[in-house]
């Protein structure tokens, strides 16, 4: 990255930050739209992937804010269809990970994405406290966070009967290390899980 | 033969039948799957969405546990776990300073020398060669082999099969007497991690997959990923709703299909655990007209 | 004792503003052996040159150093001036005090010091220069034209019409190339074959042109004006002299289901075949890989029906050798086929075709007689999607460049389709429309405005088949990258133009360089667009880079002009910067010990073995010898020589070591006088 | 005390780097004057004894620069130079000459800015390494 692009050691634009932290060069995008054409969720996004790249290319603070407040970055499934077909091999999924984490850090998450974020938090909490995903606990925790108390209630008994749900969590032995891993990685930026 | 085995959380819970059928089929081939000791969750979508370092550290601990146990090949049946473990291994091998950083986090000096196998690779390498003569009930069904995203992408890292029209599962189906059809949604996304938090979207994405398979006359969809399974099976009502149709075809794990061909008891394979009942409408002889079915082929399993 | 003249140029302000030229001249006057040192405003002007000429005569100079611009700029100028004054031109050298000094440094003491250094170094070199004499080599006035497409045809005709002999070699059974496959040409929509076939016939009939079709180059040796080529004439299995081209054999041949190369796989041909009715020569070839006789040992139907007994099953490849003076490479290009695109079905869908296949569909001589019909079921497609940049501008697929011709031919395809299928819908997915060329932009506008072709700006992500339709998933980037899905009956990929298979091996055979994409490299991107780095070998057409017909023809004529200019001389003169192996008195004869490391290092096969024999004929020793005709003067041999027996004229060991020593030993001279 | 001004000799080929350095001039890109160029037809011509000679005569650093791989005017001279450089580097190291004093690079006729960059980085690098006199001392004393 060129020196003039930095200001007091902070990347001047979001695109610079992406390049510095993930190595993904936003400038490479020539707006062919192949990612948006193939994205299974493009129609459900507020800005399709190629448009996100275009907004970032401008370096315009207003547009960058729109990117960080977008629903797109949360509804992206990381299915990697975009990178599989991108002629410029721009790793959009990697960029999306960074944008999500930046959006969390700046507290600019999209209101429509609240459920998705709550789910992720519940998920990571479950791992943090038991080492593995405790599905029953995850669902209960997610419901408590999202207040979607009735969602999937019809499924639970059926799932239990079919042997899909454990009532009690399984705890792994290495839990102290797991806690250390969580605290070390949250110190190093990124979302403090839980 | 002994192989390392990382079941992952789903296979302990909502996808128990996958684990059961993997173990059963591997057992038939004399493959003993030994669990990675005290394994943890790989972090799945949540970790890499929320925290990059965590998304590397969690799989790294799993790799560390396997390495410490001397495992050289780790079978990872869940496509999502396979993807996370493979990507982590790749990133750490590519970037020495990152490898050191993550090693410090997990308090173990990782070498990343164990090979990670997805279920198709395990079947192809260790199971299919050993069960060639054990096919008792050819799985004479017209099926859609569904690979999903995570087995083949990112292709540069996983380097597994063909990117847009993979063939490895189709080849296995052919070997057990089935008829894999040519269809267009082999690697389209099912909605994966949004299953709980954005269910209507999952209904739409998975619905499109079921629709293409059913238009082409698939009797079943064959999968190799618990997330794909739960979205196509458990979320079937949402799919039906999104597509305004009713799809009845069952969704089977590849290992269940092999198990049936080997004559393993459906219960052992966990077929009863599916939300969409595993029933076939046509007699196998009608379904796979190109291939004469043996007379003892069962109508319903 | 040398008598050297030093001439420092101010180049107006260009040097004078930063370097104290007067001081440089004064300093140089103090160098031993320098008998004359002056500075002047413009050394390259007539008065400047006259100063040099006068000084040579007046001071009886044995060497001239001009401190001025780059030798790449004015060395020929000053050397000519010296020659006119009676001094061997190779005793004149330039010190580059402009590009390497005054233009790149600030005005300062240090800059002037450096200028003095640079001149001093060259003075030390010139002191050791020896008079050299240009080398003369004869010229064989026959050109080899490799490739019988439109570029090769044009080059061959131009050279032949200038009165020189031409040997044309074409790999396939007929000349005509890709142009013969095209339906109509942009931007005029005139019929491709109608304008091409008369040229093909002219090649065949031209008294100065010898045509070898179904032939390839075996090897090329030698150098400009004096190449030797070996041509492999592949066995046609038909006696060309006896065959009348009646066509009975091709009608009777029982093997008729071979995909026709000419119809891009959309039509069929027999095992004994003429690629297309207007082929030149109109003589069939037996495709031995498909012929029943060659596969199973029986059939011989063609032999039975041939009225002139021209079939020769036992014919073998023959090698033809020829002396030639120049080569025009016009081997053309290839395109990527639909199976190159996983996302568009790995070539599995019959109705996803490439541009060349569409040309055959649209051609009146094609498999559908010019009607646009789907290859799968012969139906007229109601909706056709054209995808531009299929593979081009796609680093992920390894093709970073723009294929240049696709924008135009895609517009033409869509236009032709709209003319031929009334009510049909034509969509073009594109990234940019590159229509630079005479009447090109107007042509594209016509497609959009008059012919109703719908342009969508975006790349297609995927094509898949569903209930007999091809579903095209694209996006409209001009509508905020909104997804677009089109149910098409046929998809035409404007696939990337790439170098021919085997281009790399051919380039190595011809000793020409090629770029990262295996296209042949021109000697200079701007000023030497038809030359290659190997003197006497020229480029024409798309073997250098993707080109359309007018450009290929223009370049072919350019190459022909270069060849004709070369052939206008009976002898060539070359710079004598070549390597020589030393000779000395017996019993040593030469310090060469005959290790022949130089031979292995030489890129031009210019090192030969020479046997030194006594009078009685007994071999004394074998030493290296440089063929002055082949040597290009790179000096690689000099650097590898263990005994310093081989040296490069003009850059001798003595000279370069003197330069290094002079450079690093600033004498009093620099101190300024 | 004035800053140490290293003396750098550049051995360049006529077709790529010399022309590239000409382009630096025509583009008026400024660079450090500590470098002086000696022109060769090709890097393949550069006898590495010349490098030793340059050190013996008091050079503090050396640049060897020619055409990019595959771009050699003489097809393969630069490959010979590269191969020789790999061997020579070992020899330099063995002789106790700091290999960082020799900069091997490719500068094409179109890379005027790169030439300035190569010169400036080399001058800076050698300036940091300080004056080089050891080899000259040995050479002068007749040791070499």
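Think of it as A, B, C and D in the order they're written, each chain with its own count starting at 1.
By definition in this document, a contact is a pair of C-beta atoms (placed from the backbone, for glycine too) under 8 Å apart; a residue touches a chain by one contact, two chains touch by 3 or more.
Keep in mind it's a predicted model, so treat the numbers as computed, not measured.
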Inter-chain pair with the most contacting C-beta pairs: A-B
Interchain centroid distance [CA atoms averaged], chain B/chain D, Å: 58
Whole-Å separation of chain centres (CA-atom averages), chain B against chain C: 52
Centre-to-centre distance between chain D and chain C (centres being mean Cα positions), rounded to whole Å: 32
Per-residue overlap in chain D, given as positions that touch at least 2 other chains: none
Multi-chain contact sites of chain A, meaning residues that touch two or more partners: 81
Of all residues in chain B, the ones touching two or more other chains: 163-164
Touching pairs among all chains present in the structure: A-B, A-C, B-C, C-D
Of chain A, residues touching chain C in the complex: 30-39, 42-43, 47-51, 81, 85-89
Of all residues in chain C, those that touch chain B in their complex: 342-343, 345-346, 348, 462, 464-467, 471
Complex interface listing, chain D residues touching chain C: 7, 9, 14, 18-19, 21-22, 24-26, 28-31, 33, 36-42, 44-48, 50, 53-54, 57-59, 70-77, 80-81, 84, 116
Touching residues on chain A, where the partner in the complex is chain B: 40-41, 44, 74-75, 77-81, 83-84, 91, 93, 97-98, 100-101, 104, 115-116, 118-121, 123-124, 126-127, 131-133, 135, 139, 142, 146, 151-152, 155, 158-159, 162-166, 170, 172-174, 177-178, 180-182, 184-186, 188-191, 193
List of chain B residues in touch with chain C within their complex: 162-165, 182, 184, 212, 215
